[in-house]
Amino acid sequence: MVYNYYPGCTLSTKAKQLDLYAKKAAEALGFELAELKEWQCCGAVYPLVQDEIGTRLSSVRSLAAAAAIDGKLVTLCSACHHVLKRVNSDMAENKEINAKVNAYLELDKPYQGETQVLHYLEVLRDEIGFEELAKKVVKPLTGRKIGAYYGCLLLRPAGVMQFDDPENPSILEDFIKALGAEPVVYDYRNECCGGYIALKDKSSAQNMVSKILTSAANKGVEALITACPLCSYNLQVNAAAAQPLPIFYFTELLAEALGVKEEV
Amino acid sequence: MQKIGVFVCWCGSNIAATVDVARVAESVKSIPGVAFAADYRYMCSEGGQELMQKAIKDYGLSRVVVCSCSPRMHEATFRKAAQAAGLNPYLVEIANIREHCSWVHKDKEVATAKAIALAKAAIAKVKLNTPLVSGESAVVKRALVIGGGIAGLQTALDIAEAGYKVDIVEKTPSIGGKMSQLDKTFPTLDCSACILTPKMVEAATHENITIYTYSEIEKVSGYVGQFEAVIRKKARSVSVDRCSGCGICSEKCPSKKAKSEFDQGLRNRSAIYIPFAQAIPNVPVIDRENCLKFQTGKCGICAKVCPAGAIEYEQEDELVTQKYGAIVLATGFEPIDMAKFGEFNYEYCPDVITSLEFERLTNAAGPTQGHLVRLSDGKKPKSIVFVSCVGSRDTTERGKTYCSKICCMYNAKHAMLVKEKYPDIDVQVFYIDVRTPGKSFDEFYRRAVEEYGVQYTKGMVGKITEEGDHLLVHASDVASGAQLSVPADMVVLATAIKPAADARKLATMLTASIDTNDFFTEAHPKLRPVESPTAGIFLSGVCQGPKDIPETVAQAGAAAVKVLGLLSKDKLLTNPCVATCNEQTCSGCLACEKVCPYGAISAEYKLVNVKGLKERRLIAQVNEALCQGCGACTVACPSGAMDLKGFSNKQIMAEVDAIC
Amino acid sequence: MLAAQSTPDKEFEQLIVAFCCNWCSYAGADLAGTARRSYPANIKIIRVPCSCRVNPTFILRAFLRGADGVIIAGCHPGDCHYTSGNYFARRRMTLLMSMLSFLGVDKARLRVEWVSAAEGNKFAEVMTSFAETIKALGENVKLRDLRCKK
Amino acid sequence: MHLTEKEEAAEILRISGVKADNCMQCGKCSAACPAGAKMDILPHRFVWELMNGRVNNLAASNTLWQCLSCFTCSARCPRGVDPAKLIEAVRLSVIRKQGENRLNVDELPAEIDEMMPQQALVSALRKYNK
């Protein structure tokens, strides 16, 4: 199986590991991530108002490109996934946005939101299956207490993202279980890390991150996993007074459990 | 030539403000057959009816059309009025120019034109109406009440007291319902069990009442006055006759891991169990899923210890068939599931509980003997937060759009009971609005604030987190516009209520209407609140909509009165709008028989007059007592022989022609 | 896609016939009235005991007489007052729709909807959306008996 | 063309696509807003002002710059109102005016560190700059 793949800008620079481990793990699991030829930055934040058309265009170009191949597009970065998925939903549901975007882009075939945007985790859960994944694990992470840090963008708004229960998600816990480790549920796993506020107001980010880390540590979490480069950054850099925890991209643990981490 | 009278109602300004009623009357006058047309302020009033009756006599009217509100509202009224003036009641047609016209259109021109079109359709139809005569059917003098909570018990008792037989079918092992789980009741704070148990005993000992517990309705057929229900008596595995209720079996039962349904899962029960001390009947039931004897074949201890030899492992479900004149639905409610509301941490924190769990926790007969303690560590809480509207007034797919109605009052009750017993516990209630209409209700709530010092904060709770050994309630204070983080040892969620899970299944079985929330629909929201639109089906208690105990009891009594009104009749008039077969054209193919849901059509050899010759042919025969008048057969009939009285092919075709 | 559609020279006066079953949809229409939920006035309701009472010939007759659309509204599946009438209606109307397609008439001119007695809002929404569909489809020219044209 | 405050509020509601009238002021959006500690106008209050046709004090509020678009408010609202979209609409109405950018490109180098991902820079520029 070959999936169209949208890496996004951060995965080519600061978050290379997220991308590399994902590709290695995919190989071990028997699928391939084929990078879209000419993808552009998704814009990092979803334009929340209806009259922002220009900021939706780059996402639509990638979505349309995937539609022209086989109609599936796999993402890894939470932000890219969020933006692509929501813009895609606008193209399918919002007549006004659809008409304006198509009028501007003049694609060969008007784009109607037909591409299925899949997060890498959804590929694992829905296309491969965690049970299958568990069978392919060669170095189970037995005894490790891992906390899933979901953050915001994968889960909310649930109606559009259709990813998991936004208040009580389980996909990452099931993933951790499949790798042989012990998932630890803590209260702040779906709370915001502060995101881009780290630029303008570090203390806000520090306040939020310390709540997350403390909540996780109190439940006995030994390491956190995430799918988002910005979350990963905040959790590491803005820990402030809280006890720091090792932060991994989920793909790194995946590669480790599949025995392909060393190859990177 | 027909002489048709057309009466256009103003309905005060309800119709007249949007429809030019005079113009409607004027414009139909020229239609052939219309002998009289007039408009009147209120056709349903005595004056309006007199106007119609006078016109029938003065003009020798043979047909009547009333342009007014929905026929579902006043068709019966106008038919009766016409009948009093000597006209067959089925020669009256209604043009619905209120609900379907004046109330949904704003432009007077447009609405008037539509009203005229609807009047013309009714005139076209009424020309083809034929006089119809109702048949009669007998009434079985016995009522069925589905549900043995306070609603069902009250309805059954009222019917039984009037001298009629009633059967109560309750799906759990005991009657009593949700009220038996409650500790105290608002606004009087009297003990729930103290007022309920006497009623349970009264019902159980009443000579006119038969109670089927641990039983469910399997099937219902028939119609008003003549229902037939099949009741499945689930195998109790214990003989009701021999058991003395001593309880040794439960005590000795080695399987004690099942969650007690009655205690909301807060304690375990044995596999053979009586749900609660005052249960009626006071006879245990074996929960076969958890019984070692049934699961492994080994054990059998209960049979060995039972001094009465009442244990019957070989018992099987039993089906009882019974005829009833009327059926009352009293299926009650249950709290919604908290699974979709992860932000309240109900799944992970034992000290976040629902209000019904709180009732069990404060009940002297409950799992803690009434001692208010935390489920996590058994310690007495120093502070409790109550959260209102959890899932109520929620238009997202997580919750219920309606107000659950009882929560504001029980929150005040719970808060007050805590303060009364433990003045040192801090109690805070978070609310969106406090809704306390009802006798002595607002006074009750204010007492919690003014006398007991319960802190009421307007604002919703957004998240509950665990911080060490206590909880942190993240809420907002809407009045001051601030965020609050309130430490609490226990949080009680006032969860929305929803109709019992089997309501939908019963609605389908009984063809009783149900709304989008699965509450049973009443025949009219104001004027017929305890009747289902389906004749002979009545509604009692929360299955019709959220209610507290006083309202439930009042409605239960009202439902009983309606049942008595029905049972006191010896005969009922049947709907004369039934199918009829034209023997001349019937080919005897019996396509009609296959689609009839009531088995009302049979085949019969008959001598038929064909072009002057008598011929013996197979003909479809309609049993008018069984036919309910749906008309399925009329469409299935390939020869067009089958027709429906009151909604005949010609009549509907005439309406189509008049409209198009 | 929208641009491909030609706009008619002038608004045509649509005519829509709605057959409503007495127990659910007619009551739903009543509720729409009680709740003052507006819908286009060119929808005229004919009361039938059950959606299964609607003979396909009534519908064809309406089209012949110049109706631009016909809608059958009945109880939700499983909720039929007569247990199974709406299932008959559904099957019959599916067949009628394919016949309409065969005749070269857009089958969207005929619609079957389930509206319960409690769904006043839905009744108004369904009628409004059907009227929009018919408006987009334009006048019923194909099936109309031109001699019936008023 | 100069809009009155009421017209401006109506315009905000239009471009946001949010039905603010569905709000019943329960305050659930504000209750657990992770950025609420530093907001001068909490989300429920923000919706309330717009429902009542007021926008001027919202445009001057720091809520615009504190909101992180984490959508916690949107996810928990029992009435399907989306406060995050309303905040974004007002924020845009401010930075679309000339000279109102909150973050300029030349300020960036001073704010970033070695580890900071591109995603943060792009997001911040999108949110604070037009």
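The first chain written gets the first letter, and so on, giving A, B, C and D; residue counts start at 1 in each chain.
Assume a residue touches a chain if its C-beta (ideal position, glycine included) is under 8 Å from a C-beta of that chain, and two chains touch if they have at least 3 such contacts.
Here the structure is a predicted model, which is why all the values come from computation and not from measurement.
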Pair with more cross-chain C-beta pairs in contact, given B-D and B-C: B-C
Whole-Å gap separating subunit A and subunit C, where each centre is the average of the chain's CA atoms: 46
Between subunit D and subunit B, distance of the C-alpha-averaged centres to the nearest whole Å: 46
Distance between chain centroids, defined by C-alpha means - subunit B, subunit C (Å): 30
Touching two or more other chains - residues of subunit C: none
Junction residues of subunit D - those touching two or more other chains: 37, 72, 76
Of all residues in subunit B, the ones touching two or more other chains: 343, 463
Those chain pairs that satisfy the touch definition: A-B, A-D, B-C, B-D
Interfacial residue positions of subunit B with respect to subunit A in the complex: 339-343, 345, 347-348, 463, 465-468
Residues of subunit A touching subunit D in the complex: 8-10, 13-15, 41, 43-46, 48-52, 55, 77, 79, 152, 155-158, 166-167, 191-192, 194-201, 204, 207-208, 229-230, 232-233, 236-237
Contacting residues of subunit B [partner subunit D, same complex]: 343, 389, 393-396, 398-399, 432, 458-463, 474-478, 481-484
Subunit B-touching residues of subunit A, taken from the complex the two chains share: 165-168, 185, 187-188, 215, 218
In the complex, subunit D residues that touch subunit B: 22, 24-33, 36-37, 41-42, 44-45, 72, 76-80
